[in-house]
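One chain, subunit A, links the two complexes that follow: it is found with subunit B in the first and with subunit C in the second.
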Partner chain A sequence: MGTEVTHAIADGILGGGVYALMAAGLTLIFGVLDIINVAQGIMVVLGAYLSYVLSVHLHLNVLTGLLITVPVMFVIGVAIHWLFIRPLRGSERTSMTLLACFAVALITEGILYWRFGSNYVSLHNSYSESSVHVLGFYLADIYLIGFGLAVAAIAALYLILYRTTFGRAVRATMQNQTAARLVGIDVTRVAAVTFGIGTAVTAVGGMVFGSINSFTPNSGYDLISRLLAIVILAGMGSIGGALVAAVLMTTAEALVDIWQPDWAVAVFYLAMVIILTVRPGGLFGRRAVRAQ
Partner chain B sequence: MRSLTHRTRFLAVGTIAVLATALLAACGNSSGSSGSSKPILIGTSLSLTGDFSADGLAFERGYKLWASDVNAHGGINGRKVQLDILNDNSSPTQVVTNYTDLITVKHVELTFGPFSTLLTAPAAQVAHRYGYSFIEGAGGGNLVFSEKLPNVFDVSLPVANEFDPFISWLSSLPASQRPATAAYPTVDDPFASPQEQRAQSMLEALGIKTVYAKTFPAEVPDYLPNADLVASKKPDLVVLGSTDVPTVQAFMHGFEQQHFSPKLFIAAAGPDQGAAFVSAVGSGNASGMMVGNPWYPDYKNAASQAMVAEYVKKYGGSPSDVNADVAEAYSVGQVTAQAVEHTGSTKGSAIDSYLHSGVTLNSVQGPVKFDSLGRNIKAIAFIFQWQNSNYVQVLPVHATGSVPILNPKPNWTS
Partner chain C sequence: MLASPGAARSLRIAGVAALIALAALFPILFPNPTATNFGVVTLIFVAVTSAWNIFSGYSGYLSLGHAVFYGTGAYFLVVAARDWHLTGSAIFWLLPLGGLAAALIAVPVGLIALRVRRHTFVVITIAFFFIAQLSAGNLSVTGGSSGLLVPVPNNWDPATYNNPFYYVGLIIAVATVALAVAIRRSRYGLQLRAIRDDEDRAAGLGVRAMPVKLSALVLSAFITGMAGALWVYFIGQAVPQFVFDPLFDLAVVLMGFFGGLGTVAGPVLGALVLEPSQLWLNLQESNGYTSEILFGALFLVVILFLPRGVLPTAAEYITAGRARLLRRREQQQGAPGAQAPTPAAGSAP
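Moving on to the complex of A and B:
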């Protein structure tokens, strides 16, 4: 039993890293733009398909392929902002952006169905099947890589936000858009670039997701509810909090799996409800996030 | 004054009741004329998007293939058939809306079943309410039959029996050659659960010890912890209650990462998806994987061979690309056509009576004969296995077309 618990905790921590990787962009976009990007799930799937195309047609290693997929997803993110989000203004903007993001999800899903069909595909690479022996059990390489990439991605986002001029502009925009405009910050540009970065991160998440699971254009729907739960638990806008929240929830789920797997998903959301009851702003509340 | 108001209300309620009854009667399947020359409009709801989309799209091809074949041969009793297919997005709620719409708004003459037990159960209730016969090919779970509806007819093998040839084969082995332990990880689904429960009880009776038997929700997006737990028990046999390719792939990945390869591995669904399965798991790792199914493309049945040839001609690819969903859908059309031809009617009551009469019909899946609950008691069960990138029939051992089973399953090859 001791080994099972240790193994479940290890699985939970590593699985949390993978979710954090997918949720980081979602929380960044919300923090800066007040947009709940419900298209984030399908963007992860799009990232997985991009890796799939490079892997199957150009025989590129999936990690090397990130050098292409990350910039491509950045451009796609900027384009989505330019076409669908930027034109929305006024008091109904928040609800309209929700609908716009949903439209983006449906359009993207339709394009993927048209191009790839409904059959499941997955990314084949050596990391998906290999593992290392630790403490009497094996840890999958792809999860270790996913966790490492999550830490790296979150560290990179922190560096961008807190060690660059652009990051200062982003944080100013997060705190007060009007004031940011008054001091000469091009808020529209900041918003577009932020949306691009938030989408670019999903290229990494998509690569890991596609290496772990087989997927179809429809796979994004299962993801988005979990990603939203993680972001809400973390405190919307908290990038580091996303990692902590994801690890907490997946570890709780993995532990429950040992005894009662049919309760595991319920526990995932129950953990969210309990923590939000105690801390309505999430683990790292939004005010705290913006004051950093 | 008070009594007048009361009488007025009574009359109003009575009038509404009469009108509602008349409306329901008008909506019900009362046409059933055989002398008409207009096409027979057949309505169905399929999962063209959502979780079951791969199966739903295959079903759509099966229905369309049958319709084009039957129309090419002059239709049914001289009437062409025309399909009206709605998308239910794999939702049990939407499927109810769709069949209500097909019957009450589009006034279809016949209905064909959707994909999966989960959707067939609520859909069959709608058809029953309006007096429609409900012939289906993918609702073989207990959930459907437990409703005891007189209008439900499943042309395929009842799902609870899909592992039967495998269990019979294990029971035929000397005790020393049987697996000593087994694990039963199962998705909470009306298709998978009955097979697992039956397999577990029968294998325990054979002395095969259960080391893991747990059910997990269908919504679980990451099966790694479940796969790790099964691997830690090191069972000789894994009987996976899966509903799709990703579940099987996730367990295979998890086992491989834990350096665990069971001697025998059979799944309820997933390995039967042909190219989609191999593409997801890799051809090397597919070797030795087994699945129960009533049909496969090389099935030695003349009608089946003709359908496979038609499919390849219409949609391209090779015979191995034709999955069992196509045959299940095609069989629905065949059984319906035989019932309408024999009764000369599309009326639900006439078709129901005929199909409950004990008659044996033909389909690309083999003979069809229904019991009182609408289960096909003549359905044939096979077990298939991936061997050297080929999907072959291995059980029953002495059935035509069976090849020797690969036992034990080869180790993972990645």
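Moving on to the complex of A and C:
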């Protein structure tokens, strides 16, 4: 029993890191652009399929493959922003961009069905077969590698945001777009690059997700609903909060899974609903809920 | 051409009456089961899209979780028909109860979700949708992931089997649209639209925002639940992934946007155009992804180029055209009156 619980907690924390990374991209895009990118889930699946193609057809190591998939996902993110998000303006912009992202998700899902069919596939690699022995149980290497990658990527996001000129421009845009434009920041470029970065993290997330789970083009719905629950629980726009919320949620899920496997996923949404009734802004949300 | 307001009104009433008469005669004109099948599903979507519009279109709070209410109504009908041993047309009496069940679910959903502002609201409705889907897949009362069968009437004549569903759907659809008209013209509808335009200012002017928003959501959920109950009886089975289908939410929103959000005729037009085309496309290409890709592409086109919908955009063109016509006529009438039909008069503004 004790081992089971420790194992669940370890699984939860390590798995939470990967969700935190995907959610960080989502919450970054929200913070800078005021856009709820509901396509993030299917982008993770797209990232997983890209890794799958590279490893099956080009026999690339999944970690080496990231050198290709991360830039590709970045370009896809910038393209989505340029084509479908940038032209949308006006008072209904937040709702319209959300629907545009939903449409992009639908098209991407359709294309994935067309190319890969609806059968479950998984990313086979040496890391999901080898494992290390800790505290009386075995942990697959991919969990540790995924967690390490996620932490490194989130740290990189923090460094970019708080230690570079570009990061300062991003934060200025987050606080006040008009003022940012007045001091000479190219807000459109900042927005495009932010969308690109927010999407690029799904390449890493997708690789780890695909190595741990088997997936179909339909997996995007499950992912996006979990990611949205994490982001709402954390408070929209907070990257650090996303990390805490993700680890909390996945650990709770892993613990419930020991006794009630069918209801484990429900923990995500129940936690979200309970928090929202007490704190409508989320755990780490800005105190004043942003006015429309 | 330029009719008086009274004449325009009677023209509009005649148009609506003709449309309803045409809809009532449709199963007689096209008795083909495929056609009436399309008709039933399309009428269900007319009702649901109008009901969605009464809440989301009027108040500006976009709900992407109406499938929760649709599915609640559907499961209520299936379980009640089984437990109360109802068969045949007696099952139709369960529709209002299914709507009531959905309305009951809408109260806590609204109390939680309507406390936050618009973009968080959209996300929370999505989350509620997934909670509902998950519960339907795991609870024993819904038959779990394998679902439940509905006792469909087996002694009805196959040739006219769809007709009872069609006329019940027509009644619900017409009643919903009439309700949408009534609300739009009422003080209540004005309050809803004031909330859409500026909630803080509306509250400052004395609109009690929460009761107004919540009642609109509950009303919308009631109709959606009835439509869901009718749909499940028509389909004959309830499986979680079809009863709680994310594409349903998107379809409703697309139909509303396509026709014109917040208008009365827009959602009706959207449902009448898009639902049959989608059904037809699914008949041609059964692979599923073709319609998915086209659906998404159409959605993008509407959002990017017709963000206010087909009807408001068309109305703008007509108004602009009329104004141009009026101006030209005034010029023509003005020119002889001035008794100076010189070429210069033609270019005067």
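Here is the rule we go by: the second predicted complex is superposed on the first by the 281 of 292 C-alpha atoms of A that agree within 3 Å, B and C clash if a C-alpha of one lies under 4 Å from a C-alpha of the other, contacts with A are read in each partner's own complex, and residues count from 1 in each chain.
In the analysis below, a residue touches a chain if its C-beta (ideal position, glycine included) is under 8 Å from a C-beta of that chain, and two chains touch if they have at least 3 such contacts.
If you're wondering where the values come from, they're calculated on a predicted model, not measured in any experiment.
A.B. asks: Is the arrangement of subunit B and subunit C around the shared subunit A a clash or a fit after superposition?
C.D. replies: Once subunit A is superposed (C-alpha atoms), there is a clash between subunit B and subunit C.
A.B. asks: Output check: A:V265 vs subunit B and subunit C. Expected answer is one of first, second, both, neither. What do you get?
C.D. replies: It touches subunit B and subunit C both.
A.B. asks: Touching A:L149 in the superposition: subunit B (first), subunit C (second), both, neither?
C.D. replies: In the superposed model, A:L149 contacts neither subunit B nor subunit C.
A.B. asks: Thinking of the overlay built on chain A, is A:L233 touched by subunit B (first), by subunit C (second), by both, or by neither?
C.D. replies: So A:L233 meets neither subunit B nor subunit C here.
A.B. asks: So, does A:G15 touch the first partner subunit B, the second partner subunit C, both, or neither?
C.D. replies: It touches subunit B, and subunit C stays clear.
A.B. asks: Please indicate which partner A:L276 is in contact with in the superposed arrangement: first for subunit B, second for subunit C, both, or neither.
C.D. replies: second
A.B. asks: With the two complexes superposed on chain A, say which partner A:L26 touches: subunit B (first), subunit C (second), both, or neither.
C.D. replies: neither
A.B. asks: After superposition on the shared chain, which partner residues are touched by A:E253: those of subunit B (first), subunit C (second), both, or neither?
C.D. replies: first
A.B. asks: Which segment, 19-27, 181-189 or 235-243, is the subunit C region that clashes with subunit B in the superposed model?
C.D. replies: The superposed arrangement places subunit C into subunit B at 235-243.
A.B. asks: Could you tell me which stretches of subunit A are touched by subunit B in one complex and by subunit C in the other?
C.D. replies: 109, 113, 262, 265
A.B. asks: So in the complex, the part of subunit A that touches subunit B is made up of which residues?
C.D. replies: Residue positions touching the partner: 3-4, 7-8, 11-12, 15, 18, 109, 113, 118-122, 124, 126, 128-131, 137-138, 140-141, 143, 212-216, 218, 222-223, 226, 250, 253-254, 257-258, 260-262, 264-265.
A.B. asks: Touching subunit A in the complex: which residues of subunit B?
C.D. replies: 49-51, 53-54, 57, 188, 214-217, 219-222, 224-226, 228-229, 232, 244-246, 249-250, 253-254, 256-259, 273, 275-276, 279-282, 412, 414
A.B. asks: Quick one: in the complex, what on subunit C touches subunit A?
C.D. replies: 60, 62, 64, 112, 115-120, 122-124, 126-128, 130-131, 134-135, 138, 199-200, 246, 250, 253, 257, 287-290, 292-293, 295-297, 299-300, 303-304, 307
A.B. asks: Where on subunit A is subunit C touching in the complex?
C.D. replies: That would be residues 34, 36, 38, 84, 87-88, 90, 92, 94-96, 98-100, 102-107, 109-111, 113-114, 221, 224-225, 228-229, 231-232, 236, 262-263, 265-266, 269-270, 272-273, 276-277, 280-281, 289-292 of subunit A.
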